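Across the two complexes that follow, chain A remains constant while its partner is chain B and subsequently chain C.
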Partner chain A sequence: METGITAYVPQVAWSQIAPFVILTLGGLLILALDALLDIVVKGITPQRRDSVLTWVTGGSLFVTGMMFYGNVIGTTGRPFFEGALRADEFGNLGALIVIFGSLVFVAMSPRLIREKKLPAGEMYALLLFAVAGMTLLSVANELVTAFVCIEILSLSLYVLTGMNRRSPRSGEAAFKYFILGAFASAFLVLGIAFIYGATGTTQLFGTGRLMQQMQASEARIGARQLIADKQSYDLGLDEILYAGERPVRTAVFEAEQEGRAIIASTRVEVETQPLNPIWLFLGFVLIFAGLCFKLSLAPFHMWAPDVYEGAPSIVAMLIATASKVAAFAFLIHLVEAMAVWEHFPAASLFLLSSVATVSILWGNLGAITQTRMKRMLAYSSIAHGGYILVGVATLVSAASFNDPLAHERIRNSILFYLFGYTLMNVLAFGIAAYLGKEGEGEIAAYRGLSTRRPVLAAGMTLAMISLLGLGIPGTIGFWGKYFVIKEAVNAGMTFLAWISFIGSAISAYYYLRVVVAMYMLPEEKETPVAGGVLQTNTGYTFSLGLSGAMICFFGILPALFWALGS
Partner chain B sequence: MEPTFLYSLILSATLFTIGIVGVMWKRNAISLFMNVELMLNAANLAFVAFSREFGLMQGGALVLFIMTVAAAEAGVGLAIFIAIYRSRRHIRADEIDLLRG
Partner chain C sequence: MYLTLLIFIPLVIGALGAAFLPARQMKWAALAAMVVDLLLALLLAGGILGNFDWNYNPAAEGTESVWVFNNEIKNPEFQLREHIPWPMLQEYEISYSLGVDNLAMLLILLTAALGVFGVLCSWTAITKREKEFYLYLLALQTGILGIFCALDLILFFMAWEVMMLPLYFLIGIFGSKDRLYATMKFVLYSLAGSLMMLLSIIWIYYNSGVSTFSFEKLSGNGITFHQYLPYLGMMLAFLIKVPLWPFHTWLPDAHTEAPTAGSVILAGVLLKTGIYGILRFAIPLFPIPAVAFAPLFSWLAVIAIIYGAMCAIVQTDVKRLVAYSSVSHMGFIVLGIFCFNAPAMNGAILQMFNHGISTGGLFLAVGMLYERRHTRQMSEFGGLAHSIPIYAALTMVMVLSSAGLPGLNGFAGEFPILLGSMNNVPMLIEARDSSSFYALINQVNYTWLVAVLAAMGVIFGAVYLLIMYQKVFFGKLEKSENKNLPDLNIREWGQLAVLSVAALVIGLFPQLLMKPISKTTNDVLTMVAGPLRFDASHPNPELEPVVEKDDGHGGDHGHGSDEHASVRAH
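Here is the complex of A and B:
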């Protein structure tokens, strides 16, 4: 019997986890600075203090972004950190998009903080924690790690949503978001438990690895029974040995022979025994339901319009862009891991397609009846979640599940869509927030904007055309939809392609309504025209301009997006 | 499959269902949240049951993570409830309806 305990020293890949460490430490640093700056630096003005916090937040995000960019280039796709994380190209680029969205948030937030008198330190610390959760989620390779990440980002976003405590709407949005989010995470946990029950592990390796893992765990179950059997054997033998009889030796030998035979027979059994697909699929369905809440996909979307309307606009922007990108990255890693069960595509395709269909139709039809800008954008983001899910369904479809090349192409198309989706929502929410009350409320208030603020009206038009996507080439939204639908048609999923077309056609009505209001309709007499100079800052204008420029640039040369990653 | 395993799973499913029904029916925000906690703990029970069935420690250890997260969630949730209560003097979920459309 061996009594010595071998010390197990885990290998920590510091270069790989450094971005997440920086984000978390950055959040803590912000909290410390927020508390100590007043004491340490005598006579610091609140504006100066807030700008220090802004720069520290922006700086740590920028450094992390550079690290992710470095990781994209040098990615191995191998699991690290005890198999809890796995940074493939998709995960790293997803994290990069998340960083972009949150940098824009930081650039836009000084204005919000000044106007609404919000506590800057708390906001930036929560932002950094949320970003740590999002980036980790996009490279998560272990279900409980993913759950903890989802909770970190959700908890931060709940508080950010309710940040504006003077507004009852903001609190109500936080309340609704919290209740439904907590409800969803219970489904997530039960789903994880079922997948654990089906496979004996919570890790999502690449497809082949998970299979081995599962066989190993099944072998372990078998071995455990064997050991139990053997122990009772040994007990019996001990009794005989104590009786002090010599011929026992042969009995032991025979018992060992028998044990080996049992082990051999069990091994064969383990290798042919299939994993428990019912638990696996049930677990997937539950996790998917939980993710649908976070992604505001159709049957579970009811919180989105209320939360987007009640939350400060740029927080709504963060919820619509960064958190969705991270959750989609996780969803894609999840469905890839489900490939261990060869009937997974057939079983899940109906589920994914129906959720995509319902999201597209419900989102687009719901947006038609909306009269308020942010609610309209919320329904539009539900529909866009549906289009991205069409991509995920294509990824799962039997035709492309076992074809690595097609798989890679579809993943790329989804990533491109996520990137474009982030850019256009940044632009739309950014301009709505820029216009303040005028832009965040009724769409009717946009009437005659082209004469009052021609540049902003042009930017909003660009965002709307890009969100509309199909029909007008030259924007990133067009190419995003084009790639996703092309892959869907290639994989033989014409039904989903048609649904996407129909959805886009419906969406023309409500996107172009904004454009018509800005350019063609006269100003309403009773609309309060906020004519004067809007308070602004350079970062805000710059990030709006950058998003607009990138929408056009990648709309004309979409192939250059892939040059970024290689 | 030993009966304890099956019973634990049945208990877990029952608790989870009670939680779902509670979230659907209850109107007070605190009771709503208690039902969510019930669902989380039902899931934890399933975790432990599977873990015991496999004879692995992993599942039991992961439950600790989930419990920690649930505690953090309770902290944030109660803070939000208090903020709501301060402005409205009640936390009846069905009467918090400024936002609709």
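Here is the complex of A and C:
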């Protein structure tokens, strides 16, 4: 927005943007180390070099994670960084889940790098850039910022997908992902443009305010000016509150100046804009379509099975978990901003419900016919995206907005689902990758695993029944679905609850087929999984064990998760 | 703490054994766990029956066989209650709450006893992957005991699902040829049902007005519902588990493919969890839909009785025959419950116990035969009474008990059911808020036909069981493999002998169980009668309900009578 103030100095709350700075600088540091380590340290072995890179990456992720945890506890929910970011509890916890997923990635990657002979420096740098994009996306409060975040994380993930240059499948997957992702980005940009056109701002927080103003102006002709004044005065006060350490008086002065400028600009906009909610909604639909692609929700899911199968397993894990968590966090912030327009729930509920329904049914039915492990997990993640979207639809439904407590509960249930979903997928993909090439391939290769590797088979069973969710209580997957569906029933969306139940019942077939193969079928002679010796590293086994333990622990004491944040 | 101990001893010992014991000794740990559990269950039964007032007379309380109405709602008195709010989930009102009444006590006793037999019958039959086998068996025991103790709806659901997984592995790993098909069918059926139940439970939470999953709190506040969709959702889970025709098709497959221990526990206890759920939760929470749908379920039960018996007659596999006989017998139990009168319900609950003994015994016997000959086809046998006489004699007791011979337990259960169904099944109601949909269901109500068809099921039962016995044990001993079969050893003999004695004792002294059962029946019927009678415009409980003595067909009910709750009985 053109403010016209030349003396304006942006206020930067360094403590709040520090995590993102650390991630970006960490990525650059990795690139530098990758290039310079050989020159600076004479005679360093490639193994040592890789392990230095691993520790630097893990260290910067860990520090960032601690900072996010600090932010979760001290969360204010106010916008900062010129209103481009806004860290509420949901955003911070989402970012924390993203960090968890990427830490697991780092713990698992040395084995992959050794086996596939991948370039460690590039991979870690790309990972850190992707994580910077994801964490920023989960706290983004401004549409252009969100777009940039999505592009950063997508580009990094495209390259990570094609990281295994010796595998044609990997290259094909990266290409497919990139081409389709470019389409999705086009949708996003167009949607952002529409929303800007309809409201005159790209800020989510701001969008909501201007919509309020718009409704008021429709109701009372002539009061438009007054409201614009009041609105901008409020904006000024916000600036004072959130300015950080600046002396209050200066801030007030600046805010007044800025406020006057905003009055001037808003006045023009309010007078000249057609203020048509159709454009706002169309913009939302386009952004939602772009996000559906990132979230692999039906009918934008076609890329997922191919990409999951072609990408290295732990990259597929990152795509399935961390990137989805970030995108869902953004989607939730988006619908919350939109929902200030009073007709938004009525307009969008059908859209959200139908995408959720189609995803659940398509994902589950598609998974039935899959014979390969990672393709099956891809379809399962499509279905899980549908379940989470049920939560989002519940959030949007009008009933929830009248009741802040219910609103909070629904957000919590979605967050819990995302957390559980991350853990389950980490375990499933992690074990599949652990078992080597065969583990990532045909499910039939898992036959007889329970006698060869009882602990791994038990872990995979835990992952499967937790993904199955509603079937077996005592896992985190059960409580995730339970909370989401309970809120859906409470909000009167029984149809979506039915769909979720039907989907879960269908999913029993393909999840348990893996268990059947591991426990009940005799060994296959040809290419059994884990026929030989498996390479291990401590970080890998530790993260698998940690995920399994957390699935069980939060399966018994689910509410402890929210206690972490308060 | 007592019930917690009872529930978790099998699982804990099983987990410790699987972690620390060598595979060969796992069965000893399993046996120890089951025996300790049985002792605890006996102590529990002794405690409850010791405090039971044996002069208890339900007729004095006024709910004997006819509807007598009082507005006051009586709850079953649960004993040994435990109540711990689920940690950190107080706002969701989930709690770990346990308690038993007479019904649960009987079923716990049955479960614990059959658990011991389950271990004993696998003693030599299971030779590979023993650790896993006994771990699953013990986990199954924990799940089933949890079902019978749970007083919180979510806890009940959890136990319900925990029960499914071990049986899935038991059938899938240790079953016979078509085990994968059978186990998948079992899981998909169970899961479909239980998910509908979960939806109903969540529905109850939001529509009860007190936002709780605690059954005690619900029934203590006299909360009942008249909506039929959640009732049907809940009943679907229970009827699949029972299983009632037409949801029964998983049962013959699961039974046939399961290992002996799995079959024994499946038939003996697992099917009862469905009936238990109906009696404990479905009927008390949904009295009006329960009565309204009673004719429908009575008819389905009659179809199950006849259809199960017909299918059993044509079977060539002994185990499959026993499985179909289970379908038929469970039909009797469902019929007894949905007659909604004291004799039939008493009989149904007693028959739950009896069916555990007789069918469990039959599955044990079939398992012993299978262990010797590795086939279950009737054509492979014949004349076994000559080669293994002790086995033949003890199996005879089980067969006759299952067929309902007077003097044995089957008769003591089936007779009151038939008596009750002939007397006044199923009564018609016109609750004040009954919709035309309920009235439509009540149109198809020919009570005498139900009773007659059910009684014919008894005859069919004798037919298929005696044909089976004749083909297997009588005739000439022709096959050479059958000539040198070893007779029962002391372990096998002991199992069948204990069950035979139990069958005889219950057959001769049914009052031993009937008295405590009548208390449960009284509780259930009172809980149903209260809400049906309740009418704000008639606060005076002295008022007699409109009872019409004539016209059992109910052709024109819904017209003519006044608008208050009116109930017609024969």
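To be clear about the criterion, the second predicted complex is superposed on the first by the 487 of 566 C-alpha atoms of A that agree within 3 Å, B and C clash if a C-alpha of one lies under 4 Å from a C-alpha of the other, contacts with A are read in each partner's own complex, and residues count from 1 in each chain.
Operating definition for what follows: a residue touches a chain if its C-beta (ideal position, glycine included) is under 8 Å from a C-beta of that chain, and two chains touch if they have at least 3 such contacts.
Note that the structure is predicted; figures quoted are calculated from it, not measured.
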Touching partner for A:159 - first (chain B), second (chain C), both, neither: first
If touched residues of chain A are counted for chain B and for chain C, the larger one: B
First (chain B), second (chain C), both or neither touched by A:520: second
Which of chain B and chain C A:486 touches, first, second, both or neither: second
Which of chain B and chain C A:557 touches, first, second, both or neither: second
Touched partner set for A:116, first chain B, second chain C, both or neither: neither
Touched partner set for A:471, first chain B, second chain C, both or neither: second
Which superposed partner A:49 touches (first chain B, second chain C, both, neither): neither
Touching partner for A:185 - first (chain B), second (chain C), both, neither: first
In the complex with chain A, residue positions of chain B that touch it: 16, 19, 23, 29, 32-33, 36, 39-40, 42-44, 46-47, 49-51, 53-56, 58-59, 62, 65-66, 69, 72-73, 76-77, 79-81, 83-84, 87-88, 93, 96-101
For the chain C and chain A complex, residues of the former touching the latter: 87-89, 92, 129, 157-158, 161-162, 164-165, 168-169, 172-173, 179-180, 183-184, 187-188, 191-192, 194-196, 198-199, 202-203, 205-206
Residues of chain A that touch chain B when the two form their complex: 144, 147-148, 151, 155, 158-159, 162, 165, 168-169, 171-176, 178-179, 182-183, 185-187, 189-190, 192-194, 196-197, 200-202, 217, 220-221, 224, 305-306, 309-310, 370-372, 375
Contact set on chain A toward chain C in their complex: 451, 465, 470-474, 482, 485-486, 489-490, 497-498, 501, 504-505, 508-509, 512, 516, 519-521, 557-560, 563
